[in-house]
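Per-chain numbering from 1; labels A, B, C and D assigned in written order.
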Amino acid sequence: MAEITYLQAIRDGIREEMERDPSVLVLGEDVGAKGGVFGVTEGLQKQFGEWRVLDSPLAESLIAGVAIGAAFNGMRPIAEIQFQDFIMPAVDQIVSEAAKIRYRSNGDWNVPLVVRAPFGGGVHGALYHSQSIEAIFCHVPGLRVVVPSTPYDAKGMIVAAVRDPDPVMYFEHKRAYRAIKGEVPEGEYVVALDRARIAREGSDIAIFTYGMMVHSALEAAERLVPDGFECEVVDLRSLRPLDHDAIVASAKKCGKVLVLQEANLAVSIASEVAAIIAEDCFDYLDAPVVRLGGPEIPAMPFSPPLERFYLVTPDKIERALRDLAAY
Amino acid sequence: MAEITYLQAIRDGIREEMERDPSVLVLGEDVGAKGGVFGVTEGLQKQFGEWRVLDSPLAESLIAGVAIGAAFNGMRPIAEIQFQDFIMPAVDQIVSEAAKIRYRSNGDWNVPLVVRAPFGGGVHGALYHSQSIEAIFCHVPGLRVVVPSTPYDAKGMIVAAVRDPDPVMYFEHKRAYRAIKGEVPEGEYVVALDRARIAREGSDIAIFTYGMMVHSALEAAERLVPDGFECEVVDLRSLRPLDHDAIVASAKKCGKVLVLQEANLAVSIASEVAAIIAEDCFDYLDAPVVRLGGPEIPAMPFSPPLERFYLVTPDKIERALRDLAAY
Amino acid sequence: MTVTKADARDEASLDAETLRAMYRHMLRSRLLDERMWVLNRQGRAPFWISGMGHEAVQVAFGMNLRPGYDWVAPYYRDLALTLVLGMTPRDHLLSVLARADDPNSGGRQMPAHYGCRRYNIITTGSSVGTQLLHATGIALASRMRGEDAVTFTSCGEGATSEGDFHEALNFAATCRLAVIFVVENNGFAISVPWEKQMPIPNVADRASAYGVPGIVVDGEDPMACFRVAKEAVTHARRGEGPVLVEAKVLRLTSHSSDDDQRRYRAADELAAEKERDCVARFRSQLEDLGVLTSTIADDMRTDLTRELDRAEEEAEAAPLPEPETAMRHVFGEAAEG
Amino acid sequence: MTVTKADARDEASLDAETLRAMYRHMLRSRLLDERMWVLNRQGRAPFWISGMGHEAVQVAFGMNLRPGYDWVAPYYRDLALTLVLGMTPRDHLLSVLARADDPNSGGRQMPAHYGCRRYNIITTGSSVGTQLLHATGIALASRMRGEDAVTFTSCGEGATSEGDFHEALNFAATCRLAVIFVVENNGFAISVPWEKQMPIPNVADRASAYGVPGIVVDGEDPMACFRVAKEAVTHARRGEGPVLVEAKVLRLTSHSSDDDQRRYRAADELAAEKERDCVARFRSQLEDLGVLTSTIADDMRTDLTRELDRAEEEAEAAPLPEPETAMRHVFGEAAEG
C-alpha cells in the first residue's frame, strides 16, 4: 500500500469516481487550470475537460444552486467552495433547498450532491481563512456532514459521498492536506458516512473529536501513557448524523470524557456529543464531561500570538486530560 | 397597567424608540403600507415617513447588508426578515459581516443593528413558514440572540436591542403575536439581553426553554402539581449568550432537568444547555438530562396530522416530566 | 430588447384548434383556482395562492414545451402551466386538502408548491428565486449530455431583486445554456409596487446586461404570449442560449389567502384590472374570430366544472397522511459499497 | 454607457501640481507594495495581496473624495486609495507584520483588509462583494440626514458575479443614492479569466440594467481616471444617483503571495502587461509634458523610500498583541438602561 497525503487521497477518490461514472462533475472557483487554491483538483480538467471540471464565476450561491440543478437532472456534482468561510452566500441553496428537496417532494426528487470545502486554522489565515463552521450544517436535517481525518477515510468517504443519493457536506482540514500522510489501498473502496472510528483504544478517558484535532488528541494521549493512563480517541468522522452508539459505548467504557474541537463551543458538535452523553451515560460517568474548543470570539485572528491563543494545542489537551485523570 | 398582545408590545417598543431617537429606522419587505405580513409595523410608516419605515426590494442580503451600512454611518436600523426561514440569503451579511465587524476592526467600528424575524410553527405554515433555526446564529460569536416569550419582555428587549451597540438577532414566535397577552407598563424600560428569567419557581424538575414553549411548559408544569411535583420553568430569553449561572443554579436546585424546544435537537440550544449542565452540575444531578424537541426531519410539514406529529405539545411535555419525576 | 405586442400575425398563425385548446387550458386553470378560493373561504383549506391573471403566458409556454422531455422549474403562481404539462385538478386538490396522495409533496408543503417528477417539474420550495439557479444547473446537465431539452423557469418580478436572479442569468448566458427565464411581472411583491423594487420599468431590459434577448410581452394577451413562447423555445432549443421574457400580467387577487390587497391598493385600480382579465377577454376575442361560439364555451365550462366536482370529491375522500410518515424521506438508500 | 478614454482635455484640465501629486501618490503606493513583497519573500510576512497596476484609478478617486467626510468601502487591492485618504505606509506595515498598533485591525486580519474610522474607511472583510451593500446603506444614512457626502466602493470584476453586486446596484439606483461603484477589472478572479465569469465584455454595460451611468475607463491612464473620478463624484454629490465605473486595470502580480500566475497565464501575455504599467508610463508621460524632470522624480523616490525605511523600522520594533487581547472587542458596552 502506498503512503499518500490527505490531499492526494481526496484527489484520487474524485478522479476514480469521475473515471467510473460520467455523471460526476466538479464545479467551483479556480478548480480548472489552477487545480483549486490548494491543488486538490490539479490535473482533473486536463483529464476530463472543461465541462466536467468547470471553473465557475465567483458566486457561491451559484455553485450550490447550479450543482443542485445538475443533480436534479441526473448528474452527481461535486461543488467546491474555496474556503468553508465563503460558504455563507450558499447557505440558502444548501439549507433551504438541497437539504429539503427529498423531504418536501415526498421522495419524488433527490439531489445527489457533494459540497466540499476546506476548513480550520493554524495557517495564518486569519478571520476568513481559518474558520470551522461545520456546526451550522450539523443542525440541519437532510444534510450529511463528514470530516475525514486520515487519507484512508478521505478517499473512502469522498467516494461514498459521491455515490450517496443525498447532499453530503464534505469538509477537509486545510492543514491536513499536506501534513497528514497515510496508507491507502489501490482501487475502489468506501467508508460509511455514518460511523465513528476508534483511532486509539483505551479505557481511562474517552476523547471525542474530528479533523486535525484527532492527531492532536493522539499526540496528547501518548503523553499520558507513562503515567498509566490510556485514552480512547474516537474520531467522529460523521458529524451529522453522529454515531450515537459509538459515542455512548466509548463514554460508558471509560467513564470520563473529553470532547474536543477546533471550533468555538457554544451550540456546536461538542455540545451535541456532551448532551448525548448527559442523556445516555448517566450511570456510567466518573467525572463531569469536559469540553475543550476555541474561545467564543468571532474567528481566529492573524497575529501569531493571537492565533496561538485561539488554537487547541496538544499542550492544552494534555492539561485537560491530566485534570480529568486526577478527578 | 394595560394588557396588550405580544405583537403590540413589540410595536410599542419600536415606536417609542423611533420617537426618542431619529437614527432608528425600520427596513424590510412589506413593512410600510402593509405594516408587515403580521402587522407588527402597522401605522409606523404613516407616523415616521417612507424613509424611516422603508419597503425594501425582495432581497434579504440587501436588507441585512444595507442595514449594516446604515449602522456604520450612525443609524440604528431594525431590519425585518419576513419569516425566519427566509433569513438564509442574509447569512453571509449577518455571520461574515455584522458579527465580525467590531472584532475585526479591533473595536474601531461597530454596528448597532437589530434583525427581527418571526419563527415557529403550529400555524399551517409548512416547511418554509414554520422553522425555528435560531441555533445557527447561536453558534456565532459576535451575535446576540434573544427570544422574548411575554409582552413585557418583548417590549423591554426590543428597546434594549435597539440601544445595544452590537448586532442583536431578535426572534419572535409568530403564534405568540396575538395569542399571548400580558401586562406591560407605560413608557420606557429595558430588559437585559443576557439574563434568563424564572417563569415559575419549583424545586423538583428544572425546565429550560424559550419562546412559545415557555407557555406549554407552564401548562404542563401545572398538571404535575396535584401529584406534588413543582417544576421550575426557566425562560432562557437570551440564547446567545446563554445565562450560564441561572442555568446551573436551577439545575443544581432541582437535580432533574428537562430541556425543551420546538426546533429539532441536534446541535441546538438544547444541546448547549444539556452540555453546560453535564459540565457544571455533575454532583447535583439525580437523573439524566432529558431533551425534548422537534424530530430530526427537514422541517414541519403542512398536513395537520404531520404538523401535530412534529410539535412538542403540553401532553408530550407532561409525559416527559412524569417520566423524570418517576426516575 | 424587443417589445412584442399581439399583432395580426398572431391571429393568422394559430389554427382554431390550438386557440380553443389554449382557451380551454386557461379556463380549466381559472375554474380550479376559483374552487381553491371557495375551499379556503369555507375553512376547508387553510391557504391558497392564486395564479389568476397569470394564465395566458403559462399556457402559452406549456403548449410549446415537450412534457417529460423539457424541464420546468416553476413558481407558486404556475398552476395553469402544471395543468398543461399533464398534472390534474385532482392532483392540486389533493395538495390543497393536504392529502397523502398529493403528487406535489404528499401534503407536506403548502399548496402551490408544485413538483412532479413524471413531467420533469422539479419540486418548488418557498425561498423565492432559488429555482433560477436550479434551472441553470439542469440546462448545464442537458448540455453536457448533448440533449436539446430546454429548461423553463419562472418567478415574479419581486424575486428578480434577489442575488440568485443575477447569478443565474450571468452563468446561463456565459455558458449559453438553454434556459428560458420567464418573469411574470404583476407589478407587486406582496404589497411593494414595482417602483420600489427597481429603477427601470422593464425587467427584460436587464437582458442586455447578460447579452441575451429580452422580450416584454402583454401577459394578458394569449396570442402574443404564444408567439413569444414559441420563439423563445425555438431559440433555446437551437442552442442559441438563454432568453429573458417578461410578461406583464395582472394579479387579479390578493397576494394570497392571508393577504387583503384593498389595504394597500386603490379600489378603482383593482376594478380597472378586472377589465383586462385574459380569460374573459380571450373568450370574446375568440368568439369575435369565430373560433369559439358561446355554446362551445359554455359546454367547455360545464365539462370542466364536472371534472372539477369529481376531482374535489375524490380529493375530499382521500386519506390524510399517517402521522409517523413524517419521519420518511429524509434520506434515500445509503451509499452502496 | 459611455466609454471614456484619455484625451487632450485631460492634459489641459489638470495643473502641474495636481499631476505631480498624482504621480507621487502612485509611486508611494507602488514602493510600499514592492516592500510588502520583499517582506513576504524574506519570510517576515506570511501574506501579501497587491495593488500593483491598480494604482491610477485609486489615486484618481482618492484625490476627488473628501477624507473623513465622504465614505469609503474599499477592497483588498485599494492600498493606494487608503494612502491618498490619509493612511500611512507605517499603518500598513504594522498590519503586514501583524502588530498590535495596526489601525486596520490590530493585527487581527490578514494584510490588505483595510479600515480606519478616522477617514471613514469602513472595515473590510474577506467575503467579496459584501461591501457594495454596506456602501449602499451608508449612502442611505447620508441621504436620510440630508448630507451630500458620497460613498465610494470598489471590488474586482470577479466579485460582480456575486448576488450582492446586483442587490446593491438595484437598491442604490432605486433610491438614487450617492454611491460610486468602481469595478477594478483586471481580467481575472484568481485564475479564472473574465470570459468565464461573464458573457459581455464590460461590467459597466450592466449599468443600463439599473438605469445609471456606466463608464469604462483605461485604468492604466491616470489622467483619464482623474477626469472620470471627478465626474462621478460630482454626479453623486449633486444627488443624481449612483454611477458604475469600470477601470480596466492590470494585475501586475500573481493574485496573492500564495499564488503563481505563471501556472495559468502565458509568459508573453505577462511580459506585455508590464509595458502598460501605469506608474512607469505616467512618469514618462509627465516628463514629456515637462511636469516632471527625472531629477524631481528621482528625489521623490528617494524621499518616499526614506519614509518607507523609517516606517518599516518602526513597525518592526512595534510590539505584537498580547495573547489575551484576543478576547477583546467581541461586544462593546452593554445597552444602557
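Heads up, the rule we're going with is that a contact is a pair of C-beta atoms (placed from the backbone, for glycine too) under 8 Å apart; a residue touches a chain by one contact, two chains touch by 3 or more.
All of these numbers come straight from a predicted model, not from anything done at the bench.
A centroid comparison over C-alpha atoms places C as the chain most distant from chain D.
Counting C-beta pairs in contact across B-C and across A-C gives the higher total for A-C. A straight line joining the Cα centres of chain A and chain B is 30 Å long.
Each chain gets a centre from the mean of its Cα atoms; for chain B and chain C, those two points are 37 Å apart. Taking the mean of the C-alpha atoms as each chain's centre, chain C and chain D sit 45 Å apart.
Centre-to-centre separation between chain A and chain C, using Cα means, comes to 41 Å.
In chain C, 105-106, 108-109, 113, 125-127, 161-164, 167, 170-171, 174, 196-198, 330 are the positions where the chain touches two or more neighbouring chains simultaneously. Along chain A, residues 56-57, 59, 61-62, 85, 88-89, 92, 96, 100, 103-104, 127-128, 141-142, 296-298 each make contact with two or more other chains.
Taken in their complex, chain D has these residues touching chain A: 46-47, 98-100, 105-110, 113, 125-128, 158-159, 161-164, 189-192, 196-198, 258-259, 263-264, 320-327, 330.
Within the complex formed with chain A, the chain B residues making contact are 61, 85, 88-89, 91-92, 95-96, 99-100, 103-104, 127-128, 133, 135-136, 138-142, 240-242, 264-272, 274-275, 277-282, 285, 287-291, 296-299.
The residues of chain B lying in touch with chain C in their complex are 29-30, 32-34, 37, 55-62, 85-86, 88-89, 124-129, 295-298, 301-306, 308-310.
Those residues of chain D whose C-beta lies close enough to touch chain C in the complex are 161-167, 170, 173-174, 176, 195-200, 205-206, 208-212. Across the complex, chain B meets chain D through its residues 25, 51-52, 56-57, 59, 61-62, 64-75, 77, 89, 92-93, 96-97, 100-110, 141-142, 144, 160-161, 163-166, 189-190, 192-194.
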